[in-house]
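Dropping the structures in below, format is structure tokens.
In the two complexes that follow, chain A is the common piece, with chain B as its partner first and chain C second.
The block that comes next holds the complex of A and B.
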């Protein structure tokens, strides 16, 4: 096996694939890239057995072949080379790789390609095409709310649903929830409601540039194809919690406020919040919002008044500042609308204006504070 | 006390009724002992089905009905006499006990402290014998109709021993003890049909079944799936049963069932043997589940060491220990019970909001010269373990963390020395130097050495004090849940839950009964880690039971400890630098940062002097 490749092209590709490689794995073979050369096309694959990503590029091929090359050693080597052409000469019997540049020669041992796990092939039953910018938006709007808790595997992914005309993405960790709806001009179709592992979408977004991406789904797998990349992931085959029922319909106390101002004020005030609960309190009165936080352990407190529009009955409600800042930072637009009903019920956060084709809704569960009566 | 109050008495042999009451106290300690003795009698009588009915946790009424062989009138009357037993006749038989009862104390003891009615009929008799006994009164014998077998009713336990009656616990507590007895019987005898009715409500209605089906009935499908079967037989010892997969071991000792020749016993020796087999598979403070049936030649054990027969002595304690430990180790190995790697590895792309978990935290660049900002000259030594400070400058008004690491203001004082530090790096340098070892201990450079903090006990101390404060001040905050969760408790735990509900609420749980033995959780204390909402309450109850066992009167304290222990971060939880910092700040804001609520050390310090000595520099 022999080919010549530009080091900067190769470095860019290895960088994109590196995220797939598991950080610690009982199977050393997963810590390699699979290189496969057919004529002048080199395919490089990385997998963790749930997600597999393959990127192809044009090289000058001299002899076809397949080999698995240790990922870390190769990436480190290519990264430290200057921009030049590198010649790979590989003995696929002895599994020896020799990389030659105009000034040096680097040899390392690989693994036989037949040891490399099969990349899953599946028959897609639905295919849809989305613009890269939309996929990026979907992930940006939702991924932050994904649960990292392995006790609830369904919540470790993003739920994607499509009904032909719109696609919706949902993520929740049980304390907050994000739902993003988008109506692509050409419609959207999925094999069924799918839960895509958050890691897969993270890798997707990292690799996406501009242009279109084809999303193919079956009941067990999803495939994203764009540019020279094919990213396949197993789906999380769990039942997603029935999120529609927890979205309140009767929240009729509306607060409209400048998003950036609110974020900054929460950040300042929450510095004085209790270190464990990060709790900030909203005191709402007609056209008045007072934010406050108190640290009973360390004895600090802070409050700040913000201009806003609010015309319902006064109320007090507490939130985890971290969750709220997260939510506000993943919304666009100058103004946000927050809708409340009661101090123990979910609050809704959404942008004041959003394009016709999309709809963003975030939910946050409050922290109920009970203060003894005197 | 003076001599006039109590005139000096002569030594006298106690009258029978008094002696009986005292002896009864050994066997009958509380309602569950009555149930246990009567159930054992029923089993010895060859029962295939058993019905237990109690009221008011057995304090008011206990009725045990079996379909065993029954007795004729002579035997029935005799059975109420102390040391009257049909089970052993000679010393040789005592050496090889195979029945449950053997001392002949049960009925006599029960009758000494309760109003007892017994109805019993043998297959061949037409009418049942009915005997009523209460305290010292003579038994009254009549006849009545009754199915084959025996029914014993014990009413108003300790009616004639007010001192003991006063010491009975709440109905819920007594119910739980009885529940445990019935549960153990159900496990040891899957072939036995059991009906258990408490205050008119059926708690158990178990049909005769195989072992596995019975366990599913008793523990639930999920729990049984988490069990690894074990089996091994040698010349003198046979073991069958189950041990729990390590990841399900996070409860208290109450998930440990040991049956010796089908008799429930407690053996520290066996518990310890199992525990050693799990070694590092369990986090500190959690206990493995096990359910083991030991068959040993009765000659090789002594069950007569404890009045309620809960303990047994093996002739060869060490041999049993070795055997059990090896067996458990083998089963764990065969089941591949090594913790599995996560299905979805780590993701390091903070730009889309994924969790980023740095495993190590490099020393800040401000430390380039090998000196930290806190390594101030001119300050005197602090011993963090004793809190003892020898300093020329007054330390009054300083926080403990200020004493340890120097005042925050000193950062600015030293920063000008680090001239080339860019702004971002200066921020980095302003932070404490922290490093997490094996996701378990936090290392930190202090002014003259290194401080090591055990992250779990540190958090435990913080949460413990916070819980006590919540009880004290009635202030609590509760993170509301988007998806309220329901928890199915065993009837025993449910009773405990209802008993403790005010305390549970005070901690910040929004929980309420929801159906028969189900609890609905709508909010949890803010310290509960996301994703643990479902299990935490049950774990706290388990832990509470464990503590309560040792110090029954300290309800609040035990609750605070149980909450702290179960909600705290565990050894093995990776922490971000920010989390470590916050943990240490909070720790030193507590009243007693150096010991955890159980008395284990939280902070360890190694001085540079000590290191110098070890490296032979001094």
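The block that comes next holds the complex of A and C.
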């Protein structure tokens, strides 16, 4: 097996695939890239057995073949090379790889390609096409709220629903929830609701550039195809929690406030919050929002007053500052509307203005306020 | 600098744990009662009624010894979280009456009435006398109260009138009030210091008042300075109001040493139930669980683990059990304890996707309510 490739092209691709490689795996073969050369097309694959990503690029091919190359050693080597042409000469019987540049020669051992796990065959049941910018937006709006709790596997992914006219993406960790709706001009339809692992969508967004992306689903997998990349992921085959029931319908205390101002004030005040629950207190009164936090252990406290529009009954409610800043940072627009009902009920956060084609709704559960001991 | 005298009161609940038990069971009134561990084993008296004290029963005495001194003594096992609730109620009441209140311990409070004379008809002594009756009437808790110009003085004064007494030390009369009292009444004078003072012929506070500062420090070092200040009617007068409970702990000395894993787990489970119900009553979550084991030879070992903040018995018990197994070397155990700390003040609420999500919270609350009403033994959370 022999080919010549530009080191900067190769570095860019290895960078995109690196996220797939598991950091610690009981199967060392997963810590390699599979290189496969057919004529002048080199395909490089990475997989963790849940996600598999293959990127192809044009090279000058001299001899076809397949080999698995240790991912870290190769990435480190290519990254430290100057922009130049590198010649790969590979002995696929002895599994030896030799990389030559105009000034150096680097040899390493690989694994036989037949050891590499087979990427399962993908039989699409539905296919839809979306603009990369929409996919990026979907992931930006939702991925931050995904749970990392392995005891609730369904929440470790983003729920995608496409019924023909709109796409819905939902993520929650039980403390906050984000629901993003988008109506593409040409519509979008998936055969069924799917839960896509958050890791797969993170890798997708990292690799996406501009242009269209084809999204297909099979009974067990989802496939994203764009540019020279094919990314497949096993779906999380769990039942997603019934998120509709937790979206409150009677939150009629509306607070309208400048988003950036609120984020900055929460960040400042929360420096004085209890280190474990980051509790920031909202004291709401007509057209008045007072933020406060106190850390009884360290003995510090902070208060800020912010201009806002609020015309309901006064109320006090506490939030985890980190969760709230997360939410506010994943919304667009100058102003946000927060809708409350009671200090122990979910608050709704949404942008004051949004394009007709989309709808963003975030929920945050409060922290129960405690009366400090005097 | 304000030279006007301060008016600081000290309220000390009389045999507090016994008083709470008497509220629950009025038949205990007028009888010698002690709250503490089991007399069959190595339990210790935590609080003794004055009827029991007449027989020589004292706090920290072994229950077995107490029973020997007073065979008709009624021993009651304590309900510690309930004591905390009564203490909280008194604390809240005092905060309505005085601008600054310090909770010095579960049964001792200081409050500063300086500047409040006008509120109480320029008769603070009269108010203090009526407060004793208010506490008895509203909370059914007997107490003793002293009013003086400083904390230390008020503390000494209350000791002279317990139980159910009131002592007023007017400004200017501090030295005269203290003079006849034995030196042992001064907080910080333990048996050792007392013996040392006695050996120099210093038996009363008056004797101490006669010493120069040099003599006092030559005799007792820096501690002598403090004693002299107190003897002159000084001492501390700043109230600590930001008292925050930093930990909740319970331990059990067994009536006979336990060795079997199952037995130890069972005891641990009871302790965990108790600390978790206090935790929930406070609306707190714990972030650190510590377990303590004491062997026959009194060698004591402990180990702790930080967990995701929780107030759920099952989670705390699971952690405590693992820690216990890691700690216990197989020898017979005399005592185990569990200690929760690293509290988060506010509980993060959770979205209720289904009935089931809310059930555990509701169940724990129901268990707490039942136990508050019928006692700890009425129901336990399963630990399967």
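In the analysis below, the second predicted complex is superposed on the first by the 370 of 374 C-alpha atoms of A that agree within 3 Å, B and C clash if a C-alpha of one lies under 4 Å from a C-alpha of the other, contacts with A are read in each partner's own complex, and residues count from 1 in each chain.
By definition in this document, contacts are C-beta pairs under 8 Å (C-beta built on N, C-alpha and C of every residue); 3 or more make two chains touch, one makes a residue touch a chain.
Note that the coordinates shown come from a computational prediction; the quantities given were computed from them, not determined experimentally.
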Superpose on chain A as described above, then tell me if chain B and chain C fit or clash. clash
Quick one: is A:351 in contact with chain B, with chain C, with both, or with neither? Answer first, second, both or neither. neither
Now for A:110: first (chain B), second (chain C), both, or neither, which partner does it touch? neither
Does the superposition put A:61 against chain B (first), chain C (second), both, or neither? neither
On the A-aligned overlay, A:172 touches which partner chain: chain B = first, chain C = second, or both, or neither? both
For A:366, decide between first (touching chain B), second (touching chain C), both and neither. both
Look at A:277 in the shared chain and tell me whether it touches chain B only, chain C only, both, or neither; answer first, second, both or neither. both
In this superposition, the partner of chain A with more touched residues, chain B or chain C, is B
So chain A touches chain B in one structure and chain C in the other; where do those two contact lists coincide? 172, 174-175, 177, 241, 246, 276-277, 279, 296-297, 318, 320, 344, 346, 363, 365-370, 372
Sort out for me which residues of chain B touch chain A in the complex. 341-349, 352-355, 462, 466, 469, 473-483, 510, 522-523, 526-527, 529-535, 582, 585-586, 589
Listed in rising order, the residues of chain C that touch chain A in the complex are 95, 101, 241-246, 282-285, 287, 309, 342-354
Interface with chain B, chain A side, in the complex: residues 19, 22-26, 48, 50, 139-140, 143-153, 156, 172-177, 197-199, 201-203, 205-206, 241, 246, 275-277, 279, 296-298, 318, 320, 326, 330, 344-346, 363, 365-372
Which part of chain A faces chain C closely enough to touch in the complex? 172, 174-175, 177, 241-243, 245-246, 274, 276-277, 279, 296-297, 299, 318, 320, 344, 346, 363, 365-370, 372-374
